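Below: one structure, written as structure tokens.
Read from first to last, the chains carry the letters A, B and C; within each, the first residue is number 1.
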Amino acid sequence: MKDKKIILVGVAIFVVVVTFPFWYNLGRSAPAPEVVLTPKAQAAEVCVMPTEFMKADHMKLLDVWRHDVVRNGNRIFVNPDGKAFEMSLSNTCLDCHSNTTEFCDRCHDYASVRPYCWDCHIENPKGE
Amino acid sequence: MADELITPDELLSKIDHRPSGTGWMDTPVEIRKGMYCYAANPKSVETLGLPNAHAWNPVDEDWKLPENWQQIISEGFRERLGKFRSFKVFMDICVRCGACADKCHFFIGTGDPKNMPVLRAELLRSVYRNDFTKVGKILGRLAGARPMTIDVLKEWWYYLFQCTECRRCSVFCPYGIDTAEITIMGRELLNLLGLNIDWIATPVSNCYKTGNHLGIQPHAFKDMLDFFVDDIEEITGVQVQPAYMEKNADILFITPSGDVFADPGTYTCMGYLILFHYLREKYGLKVTWSTYASEGGNFGFFTSHETMKRLNSKMYAEAKRLGVKWILGGECGHMWRVITQYMDTMNGPADFLEEPVNPITGTKFENAKSTKMVHIAEFTADLIKHGKLDLDPSRNDNKILTFHDSCNPSRGMGMLDEPRYVLQNVARNFYEMPANTIREQTFCCGSGSGLNAGENMELRMAGGFPRANAVKYVHEKFGVNMVACVCAIDRAALPASMSYWVPEVEVTGLHELVANALILPGEKERETDLRGEPLPGMEE
Amino acid sequence: MNKNYMVSLIAVIVLFLIAYVGAAQGTGLQMVFGIIFPYLAILLFIVGFVRKVMGWARSPVPFQITTTCGQQKSMPWIKQAKIDNPSCTGGVVARMALEIFCLRSLFRNTRMKLKSGPHLTYQLEIFLWVAALAFHYAFFAVVVRHLRFFTEPIPCFVTLIENLDSFMRAEVIYDAIQVGVPGIYMSGLILLAAVTYLFLRRIFLPQVRYISQAADYFPLFLIMGIALSGIFMRYFSKVDVVSIKELIMGLVTFQPTIPEGISALFFAHLFLVCVLLMYFPNSKLMHFGGIFLSPTRNMAGNTREVRHVNPWNYPVKVHTYEEYEDDFRDKMIEAGLPVTKMPEEQA
């Protein structure tokens, strides 16, 4: 019957679409990207907050920093260990992580996240 | 019946569209007088050779069912799921969005929640889930499943015969779920147990034996037409001569027998006679009637697909026997759904007929080239368009008209503008009812699909309420005093509904109006219309 | 009535807790919720869906029962409603496309009211259509943008949808709550709002409440749970997105792994999605497949022009003209009606 053929085609399209991630990635493996720490970052051992927190929540921290600096004029961040940092993307974060392409971008590209940091800031303030 | 019928105000006061209280599965069915049709006479069921003919009464506790009735239902259900994709898909995909709920004339008129199309279908779906789906078997009530019991069966019977299969709900359903399709299957299942209603089974049996629902035998059929011939002569001074079973006529004409039998359909029938006489005199067109195929309607449609086919077979058989070129069909509702969507498939191909061409205008009816059957409204519209009819629409000037689209020609065919075109050429006062109540959104007359009996008058009046209410609107706003329609059931059902809800409005067929306006060659000056009422300007 | 949605609500909460508490117990159960269930779910979804549709396809369409919603094709001077009453394949395709992509029939929805008089009114009721459309398109957008976790490199259409979806920027920064980075996706919020509306109308409209079953509330709560857990993960309790993508990429490349440091909330979110997939083919959600196969919509209204063939058409017992004439011959002759056989010819 003619309509059965059309239905079969429809079902085939459905299966192809639904299994898209399986055949699209066929023959590839996509392990999580390795981030590269600069010697300076390695030497520092810990960031402004623990690594687990930084992995998931860094964007929130940066957002709050910006707010505090721009709106409240407060430039100093004190972490739970009592250590103080200047709240500055360029001067603090990028001081250690000066390798944005190997540090920031790897994960952001992997997760398809386009941060708008670089709309205003330059990626490499030190020009290294 | 009428003296027992509650008043419109009482009927309205009973309506509450906000269902509450116990869930529908826990609300047992109460078979109420005035809301159901009598059980079929077992003789009629036997004549047709349908299963389990027996005497029973819906209000009795014991319906005298065959012992294995559950098995019969279950097997019948399975068989139909396998034969009809529509049924199978409609059992599975309803999301109960409720868009159909307030679209049903029976729900609007009764407020009974089980008259919401979605619940009417759920009556069957609940059993389907229980018997045919895994989830239903495992989760039961949680998945909306329930086993088939005698109470469920009674509920089926009561509510499946409170549906006129008008398909208005299917227009609004986002998946096109057609309650008529579900009701048709449900009625087939009930009929497997001999649970037919008399108003359907007896006409079907009559039609099978005598050629028409009313059981009019051939000589009586001719007598009745002769009677119209006399009336026409009195009114117009012209003697028309209908042809019966004329071999090699151009066209075989088939119309519902209701038009031959009961007012105001009889005036429509006189209208056909006058039109055909005009065409024969003026253009030599030979149209013949048949007493064998003297029924356009098909109550078999309300029984089972098989019975529908058995009754319908006469149309092609008679056309073939008489050697006509093609078939012309009269004004009828479900007749045209059967002709449009079933006839060619069931009893075709009609390769012994010619592709219909109007010999007077040369118009090819492309849209009917396979079925070879043309609707008389299409035919007349074509004649008028080509200026082939000599018309005096002023003779209908005392009629302020509106047009009631019949369910089946609207939603099972799409014939909407042809009758309007005819109407506006034969009459000059025409007003449409509100947009939500006409064309594809038209409301049922309240008595279609075999529910036109006398004993269910309360149901009929409740179901007819939305249509009547729209008529009332144009009656009050524009002074409409007549509803035109192209359906014999409408002509039988609407007068009762009108006299109940809008007593000042009468009902007419389209071709009664055509004949009033049509100037016959050699006619005398007419003083009255076909009803014997004085023409405008002729009042004393 | 309350029972229907309470049962569904409790079911979804229990499902959520099973995964949430289970995944917090360590890698063992994380394998169950992160690897076994996802594979099982996708398998059951595809097999169940295909079986259901092919089951429908197995039943023939004996009659062409199109619901005609407009003027038929008639004489050339009468304007046909080519989409609402199509007479050719093109019209049917247009009609189906409008049904599938615009929910056209639902757009017709009206609400009936009986006023004193008596006067019946029918007013446009557009909210169900709006909510349904919003729900389906938001759901679609959510699914597409989730593909960023399922593909490497990420195809441009995914990024495109993401950009469109997040083009509105809003930030909320207080001591207690900070939302806005990462950017807000409209689709998630629209989905949640639409699903909430669809739930509320089931609760507050008496007719809809009366017809609603547990099976109607369950998918709503399930989707609500999925949307809420997703939104919570994105904007409030942040999760390690890179590890999550690593887990998912492991699944789709058939090298399943459970990376460390994924929060239990993610496993609960994933598990609810798995439940939805497994539930799908056994439920009313199959309207997704069914809408394509509905015979009242996917066929042309040209039954008088082109003969439709019923594969199981069988001969039936009919009352022939000859039998009819035998029954009434004398009466017919007396009435002057033509007959084919005169009485003396009868044997």
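Note that in this section contacts are C-beta pairs under 8 Å (C-beta built on N, C-alpha and C of every residue); 3 or more make two chains touch, one makes a residue touch a chain.
As the structure is a computational prediction, the values presented were derived from the model and not from experiment.
With centres taken as mean C-alpha coordinates, the chain found closest to the middle of all protein C-alpha atoms is C. The most distant chain from subunit A, with centres taken as the mean of CA atoms, is B.
Rounded to whole angstrom units, the spacing between the C-alpha centres of subunit A and subunit B is 68.
Subunit B and subunit C have centres, each the mean of its CA atoms, that are 33 Å apart.
Remark: subunit A and subunit C have CA centroids separated by 36 Å (rounded to whole angstrom). Multi-chain contact residues of subunit B (touching two or more other chains) are absent. Residues of subunit C in contact with at least two other chains: 56-57, 60-61, 289, 293. For subunit A, residues touching at least two other chains: there are none. Remark: subunit A residues 1, 3-4, 7-8, 10-11, 14-15, 18-22, 24-25, 28-33, 52, 55-57, 59-60, 62-64, 67, 107, 110-113 touch subunit C in the complex. If you check the complex, the residues on subunit B that touch subunit C are 8, 12, 15, 17-20, 23-24, 49, 81-90, 92-99, 101-103, 108, 113, 116, 118-119, 122, 133-135, 142-144, 167, 170-178, 181, 208-211, 217-219, 222-223, 244-247, 291-292, 305-306, 309-310, 313-314, 317-318, 321, 339-342, 344-346, 348-349, 363, 365-371, 373, 378, 381-382, 385, 410-418, 421, 434, 436-437, 439-441, 465-466, 469-470, 473. Across the complex, subunit B is touched by residues 1, 7, 52, 55-75, 77-79, 81, 84-85, 87, 99, 103, 105-106, 108-112, 114, 118-120, 122, 128, 132, 201, 205-208, 210-216, 282-284, 286-287, 289-291, 293-297, 301-310, 312-313, 316-321, 324-325, 327-328, 331-332, 334-338 of subunit C.
Taken together, the subunit C residues at the contact with subunit A in this complex read 42, 45-46, 49-50, 53-54, 56-57, 60-61, 147-152, 154-155, 158-159, 162, 171, 173, 178, 180-182, 238-243, 245-246, 249, 252-255, 259, 261, 289, 292-293, 311.
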